[in-house]
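Can you keep this structure in mind? I'll have questions shortly.
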Amino acid sequence: MTDPADLGFARIDLKRQDRTGYPEVVYCAGKSADQAEAIMVRMREQGLPVLGTRAEPALAERIRGRFPGAVYDETARTLTIGGGGEAAGLVAVAAAGTSDLPAALEAVRTAEFFGSKVLLSCDVGVAGIHRLFDRLGELREARVIVAAAGMEGALPSVIAGLVAVPVIALPTSAGYGASFGGLSALLGMLTACAPGVSVVNIDNGFGAGYLANLINKGAAYAHV
Amino acid sequence: MTDPADLGFARIDLKRQDRTGYPEVVYCAGKSADQAEAIMVRMREQGLPVLGTRAEPALAERIRGRFPGAVYDETARTLTIGGGGEAAGLVAVAAAGTSDLPAALEAVRTAEFFGSKVLLSCDVGVAGIHRLFDRLGELREARVIVAAAGMEGALPSVIAGLVAVPVIALPTSAGYGASFGGLSALLGMLTACAPGVSVVNIDNGFGAGYLANLINKGAAYAHV
Amino acid sequence: MTDPADLGFARIDLKRQDRTGYPEVVYCAGKSADQAEAIMVRMREQGLPVLGTRAEPALAERIRGRFPGAVYDETARTLTIGGGGEAAGLVAVAAAGTSDLPAALEAVRTAEFFGSKVLLSCDVGVAGIHRLFDRLGELREARVIVAAAGMEGALPSVIAGLVAVPVIALPTSAGYGASFGGLSALLGMLTACAPGVSVVNIDNGFGAGYLANLINKGAAYAHV
Amino acid sequence: MTDPADLGFARIDLKRQDRTGYPEVVYCAGKSADQAEAIMVRMREQGLPVLGTRAEPALAERIRGRFPGAVYDETARTLTIGGGGEAAGLVAVAAAGTSDLPAALEAVRTAEFFGSKVLLSCDVGVAGIHRLFDRLGELREARVIVAAAGMEGALPSVIAGLVAVPVIALPTSAGYGASFGGLSALLGMLTACAPGVSVVNIDNGFGAGYLANLINKGAAYAHV
Amino acid sequence: MTDPADLGFARIDLKRQDRTGYPEVVYCAGKSADQAEAIMVRMREQGLPVLGTRAEPALAERIRGRFPGAVYDETARTLTIGGGGEAAGLVAVAAAGTSDLPAALEAVRTAEFFGSKVLLSCDVGVAGIHRLFDRLGELREARVIVAAAGMEGALPSVIAGLVAVPVIALPTSAGYGASFGGLSALLGMLTACAPGVSVVNIDNGFGAGYLANLINKGAAYAHV
Amino acid sequence: MTDPADLGFARIDLKRQDRTGYPEVVYCAGKSADQAEAIMVRMREQGLPVLGTRAEPALAERIRGRFPGAVYDETARTLTIGGGGEAAGLVAVAAAGTSDLPAALEAVRTAEFFGSKVLLSCDVGVAGIHRLFDRLGELREARVIVAAAGMEGALPSVIAGLVAVPVIALPTSAGYGASFGGLSALLGMLTACAPGVSVVNIDNGFGAGYLANLINKGAAYAHV
Amino acid sequence: MTDPADLGFARIDLKRQDRTGYPEVVYCAGKSADQAEAIMVRMREQGLPVLGTRAEPALAERIRGRFPGAVYDETARTLTIGGGGEAAGLVAVAAAGTSDLPAALEAVRTAEFFGSKVLLSCDVGVAGIHRLFDRLGELREARVIVAAAGMEGALPSVIAGLVAVPVIALPTSAGYGASFGGLSALLGMLTACAPGVSVVNIDNGFGAGYLANLINKGAAYAHV
Amino acid sequence: MTDPADLGFARIDLKRQDRTGYPEVVYCAGKSADQAEAIMVRMREQGLPVLGTRAEPALAERIRGRFPGAVYDETARTLTIGGGGEAAGLVAVAAAGTSDLPAALEAVRTAEFFGSKVLLSCDVGVAGIHRLFDRLGELREARVIVAAAGMEGALPSVIAGLVAVPVIALPTSAGYGASFGGLSALLGMLTACAPGVSVVNIDNGFGAGYLANLINKGAAYAHV
């Protein structure tokens, strides 16, 4: 009898939901379209919802041909089959500028996929700080805030000094020169002078959205 | 009429508790003993509990002479006057090795100061992974886990693959050579292959403990 | 009389087998197809088996047209003419994820070319550590283990704490952002907290496979 | 006849005032007390005002023994003999936190030495942004603003989005871990998302103060 | 009633001119042609002059189709609609070599857009220093100088030792190998041994030109 | 009943010998003298031989007071109680220069402690390559070679091109300036152009010696 | 009357030959084909020999159409019109491997252009050190040696320990992973343990060849 | 019969003078006073002149007690017994500032030890470039020039554009902040825009002086 987790080139972690509360996610960037599709098909066969990240349009086309209900977000590059559901609690995602939208939207789609309600605020970077204050009321509604920014990455510091909830800093590779592909934003966020901030990898909108959902819902999950 | 926040060389953020739920903390490393003491005295005059981090023994001696109830943890280098209290929920702090204890204990004392109950697990690094499995039951009791490690910093990845709660990765400067003062642990944690992990600055036990308490209690605070 | 080692643009090290036990290998990445082919033809004329690494499909096509027995592995990008043989001892190669397969397979093909028997285990990364424990029995059969991983590169540490044989850490460039092209995996492996680990260059599957074979067979060679 | 500029181990740039409008300054860090004193004595003999930076207390003691009018600022580590004067225009210097005071005060003393009026604002870092807004009226009075900050270095971005004058960003080495001795603040300031910002070297309060004075007074000097 | 600042994917900072004296500028690199065009159209509707930086020729073509008065500089990659005007004071821009022209011209076009008169000097790098001395008279006419250079970035140091006005150092990515994309020029400029120098991001001609104009005109603006 | 592995501040990995063939080793650098001594005492109570690395002379004095048979090597900074024994096979350790001796000797003492016979060759760096050729006969007797070098770290490449056994490259922090604390040697060794080389952390003589012994004896251990 | 040095976009340094003994060289990488051609034409009009480096084949085609005597080396990417001549003294250029040939040949063509006789030795890398010894007699004939190598860059150290003339180390970008684009070779060469070595930029064959010619001929030039 | 080269802890390279024209030099930084003294005594017994670099005053005292003719330069930290002699040709050493003197003087003493005549020019940094022009006549007398500078390291570029002889760039660790211990000067010199420049390690005055002497005298030595 064959093991449904085993695809030869990969072993799906079918027990992840038991251990961590949520199913495995398909990171498409390092995989061929054949590999990504085979994994998604097998997960659907096991009754699991599917979230694919870093999915190229061609892969999305192919998957939507096979699963008509699949949804693709071109900016976030996320591909989902199923997921979502209750949409409880509130996660806020704030993007400093237009160039930060791909990472920010990946966070939005990920948190929604796992069941959170998400509010996105665009263009609230610190160079025009009144735009952030305009949205502060909304941000204070959330249980956790994702702050996405490139360049100097100052947004999480400023937000964390104004709210009473955890701030997940999401550095992006937006910028040039001394941005060094997001390194300056990353370092700035790690050394944020306001407490309550923690940081994920550069452009890791998925990680930020996953963690935001975990914080949003975790208390309920872990203790009931 | 003078402003109680103003000490000339510093302006205490007396409104921080209103904005963020918790009072300001005194980072002693960049201040003279005179400056640190003056700030702590003023905060006590305003009725605030005091947490000093990176406090040297000589400062601790001086403060305990003035405030007999002050408590100093030599390993964590934390100095507290008041704080603590209800001790609700559970935060777990896991330290990979003995060299990671200063940072890990700073996280413990910080989370306790703000009111969390904290469980510390020592020497659970991945080189002898059975020691981690021995403590897994305990770790799964917590609402959030701080994982402190230097060198390759693999502990948060392994833990995050085994639990259903947020993991705060705390890189430490333990190690030598290619550890580059904690940089290798920091990079390893930022690129952790398991979701649910976010990272604070190297040796920033305070930041990890503050955020752990926020996650532990945040839902209650933000929505009642 | 001409020197068979001399091709004008290159001098083949025909005496390497005498000095080091194994013939020279052709690193195709820095050479034109003409150069690579000329070197391979000359080596065959001298009766040597040929291993080409980083070979593009077009070069493989060309070489197979000339040497029908040549074998090309598209994922590993290895091209072999002859080699292999006895297949003694056992080398284990463990890959953390699908994205690590190209480097891992280069190690597999290289060790096989020089005469080792090789076992490959896929998708045994530390985020789902039960998958590693499922393969532990097999890994313990080997005389030496190659552990390939990108991102935080924690796999070699965990394996080395569980086995009694040398572990060759093979960092890969899989990942993005703070992976910095494999640097984070490299640093993590160099600072592995378990002894018995040594490291080769990023994506250097050839070096890992060569060394694994040397350890597997070396004692016999060097002392008989 | 001897050249008054020549001290053997050094050649004072006595023509600098003619070329650049201001006399040379003595950077004491790389010089012995004997060397620093000899240079200062020679400059006084030539009728020049003296500004020594990075001066240790022992040197200050010695110089004040010889020049009773010499003034030493222990925090800024500046030593001045003469200078100052008209005190025209207004330069503002803003320091994010107490640890940034040495660099900020070096800027203050330098700008004052060359004849600017200077206003210092302490503890206006972005983690408690209301403290910055409290001082905004004052900052807007200045013709140029120096913004000193360590850690993530977000202060210049925020200020530059709020004022109509040049902002000189002064990164400091305050911080630890991923601050990397001021590198994170430096990179953050170089990639500031608000225009009107330029950056000097880490802890280079002298450079910031010199340039601030130049901008404050330059138009008058260069064109009359 | 809709907010004219709000485009959904972006919020234009329409109040920037009130706060900082100058309107917002459109950084085209991180935006789709649709997004860039929508922002420019909205700004024109609000009566604002438009400066787009890092604009590709295709975008320029499109915008010129819509706004016949738009001007595109192919080397600088700037696109302007309106702006310019009085052309008061003098800003000098010096480029070390031909490869530094794109950044230097971006500075020229930016300063002109905001109303400064600008003089450009090409090929005045330090390897043939007589070429710099040939232009020194012209440079001394300016109220502020932008010095653009790649490779070792020595130009600002040399110029600042010869003039009495602020020097804005503009590092460029010209060069190869140990230039590391402009890093060597950047570090060289930050550690310039002559005072009066400050630095902007690599290839940030816009930032240099904006600041040059601010210094050129600031005194007048801020105090009348 | 208490767990003998548990010392409160540390958990000794008493099962390591079962899993990996060798007992745990005490890294003294991150521990107080009290902690180091307590661990060593407990290990002796469990009948284990003790190897302490990075031990300061004061600790050595103290341990020798308690265990008269303890042996301290001042250069290697190793402290051993028991261990050694059969002394089978041959490991060669080659040091490029006198400054590399501390790391090289740590490798020697470690391999001896675990039962290997070790031959040390000093001052065989590539700047006087005849010194290496003088020792080549000896080096070829060994089953595995540790090559320790700082600065450019070229020794392992040269040796690996001359022998038929694995070469463990041990970068040292000897050098200054562009050595960057051993980084240049480390990078040089990772990119060694000869196959058969793998690398351990900078100054990690223990890791090199442990692995050398493992390779020397492993085949016998793992398969009997 | 127009200045023949002035091309608008560039100023040719026509006096360089007077100051430094040799005419300016055209670095084609940062210039359009139009710009490169215009400069070459103007130099020929002034009677100067032309050396263009980093010239693409298309530019070479164009220039050869105009100057039939122009010579293009496809591997070195050099384009020469005139130059060469006496061919006095001997410069040796040694290349570690085939991938180092482009940089090594750029050095060869440059030294020849300025009048040196040059001997090229290929594939003399340290992994097969007998190949270097085979050529040692030839290398000892030279007045100066250029040693080109990528990866660990050990070649200059080994050569400098064997000869009595200056060695110019030419790091190349050959390699991958921890080569970091030539950085590991560069650092290795800077920290070479043998004296008599100095280093030029990564892939800067022109600089190496220019300097080699200068050393070869300089004594004669400077003092007659 | 014992080998005079062998001191147990070290093997002196007694044949170096035969191979390279000059005897080995003693780098004292990595050696105990006992080791350094033993090597110097043995070299004197073999009739060799001795040059010790990075020698501390205590070692100098000790050696002068034994060899009354030994000469110590406190700034250069060089210790010489014998050497010097003919003093032929001319080497120029130019130091940008007072802080660069230790490295510059190490170059002076080294070149003198091996027989060159040396001229030192102090304080000729590019911030006051007239000071360099004042010395240009002298510099043009030399056959080779060493240019020592910290911070932005622009001096070699400027000099190389003005002279017809090789320039050895000697980066120093003078500076702070973004100097990164000499890294900015090193990178600046490697990317110098003027040809004829090559670079040695940071603070490696010995290497610069050794090479300068080699160039100064090499032609005569190698070919007579």
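By letter and in written order, the chains are A, B, C, D, E, F, G and H; residue numbering begins at 1 in each of them.
Operating definition for what follows: a contact is a pair of C-beta atoms (placed from the backbone, for glycine too) under 8 Å apart; a residue touches a chain by one contact, two chains touch by 3 or more.
Just so we're clear, the structure is a prediction, and the values are computed from it rather than from any experiment.
**Student:** What are the mutual neighbours of chain F and chain G in this structure?
**Tutor:** The shared contacts of chain F and chain G, listed by label, come to C, H.
**Student:** Identify the chains in contact with chain B as well as chain H, in label order.
**Tutor:** Common neighbours, chain B/chain H: D, F.
**Student:** If contact pairs are compared by residue number, which of B-F, E-H or B-D agrees with F-G in over half of them?
**Tutor:** The chain pair with the recurring interface is E-H.
**Student:** Measuring between Cα centroids, which chain is at the maximum distance from chain F?
**Tutor:** For chain F, the chain whose C-alpha mean is farthest off is E.
**Student:** For chain C and chain G, what's the span in angstrom between their mean Cα positions?
**Tutor:** 36
**Student:** Quick one: chain D and chain F, Cα centre-to-centre, how many Å?
**Tutor:** Result: the chain centres lie 50 Å from each other.
**Student:** Provide the C-alpha centroid distance between chain G and chain H, rounded to the nearest whole angstrom.
**Tutor:** The separation of the two C-alpha centroids amounts to 26 Å.
**Student:** Could you tell me the distance, in whole angstrom, between the mean C-alpha positions of chain D and chain G?
**Tutor:** 44
**Student:** Where in chain B do residues touch at least two different other chains?
**Tutor:** Answer for chain B, listing residues that touch two or more other chains: 16, 97, 127-128, 160-162, 177-179, 186, 190-191, 201-202.
**Student:** What chain pairs are in touch here?
**Tutor:** Result for touching pairs of chains: A-B, A-C, A-D, A-E, B-C, B-D, B-F, C-F, C-G, D-E, D-H, E-G, E-H, F-G, F-H, G-H.
**Student:** Once bound in the complex, which stretches of chain F touch chain C?
**Tutor:** Contact set of chain F toward chain C: 16, 19-22, 25, 142-144, 160-166, 168, 186, 190-191, 195-202, 206-208, 210-211, 214-215, 218-219, 221-223.
**Student:** Using the touch definition from the top, list the residues of chain F that touch chain H in their complex.
**Tutor:** 97-99, 101, 122-124, 127-128, 130-131, 174, 176-179
**Student:** Show which residues of chain D lie in contact with chain A when the two form their complex.
**Tutor:** Those residues of chain D that touch chain A are 96-97, 125-129, 150-154, 157-158, 160-162, 175, 177-180, 183-185, 187-194.
**Student:** Contact residues on chain B for chain D in the complex?
**Tutor:** By the definition above, chain B touches chain D via 8-11, 13, 15-16, 24, 29-31, 35, 171, 173, 181-182, 186, 201-204.
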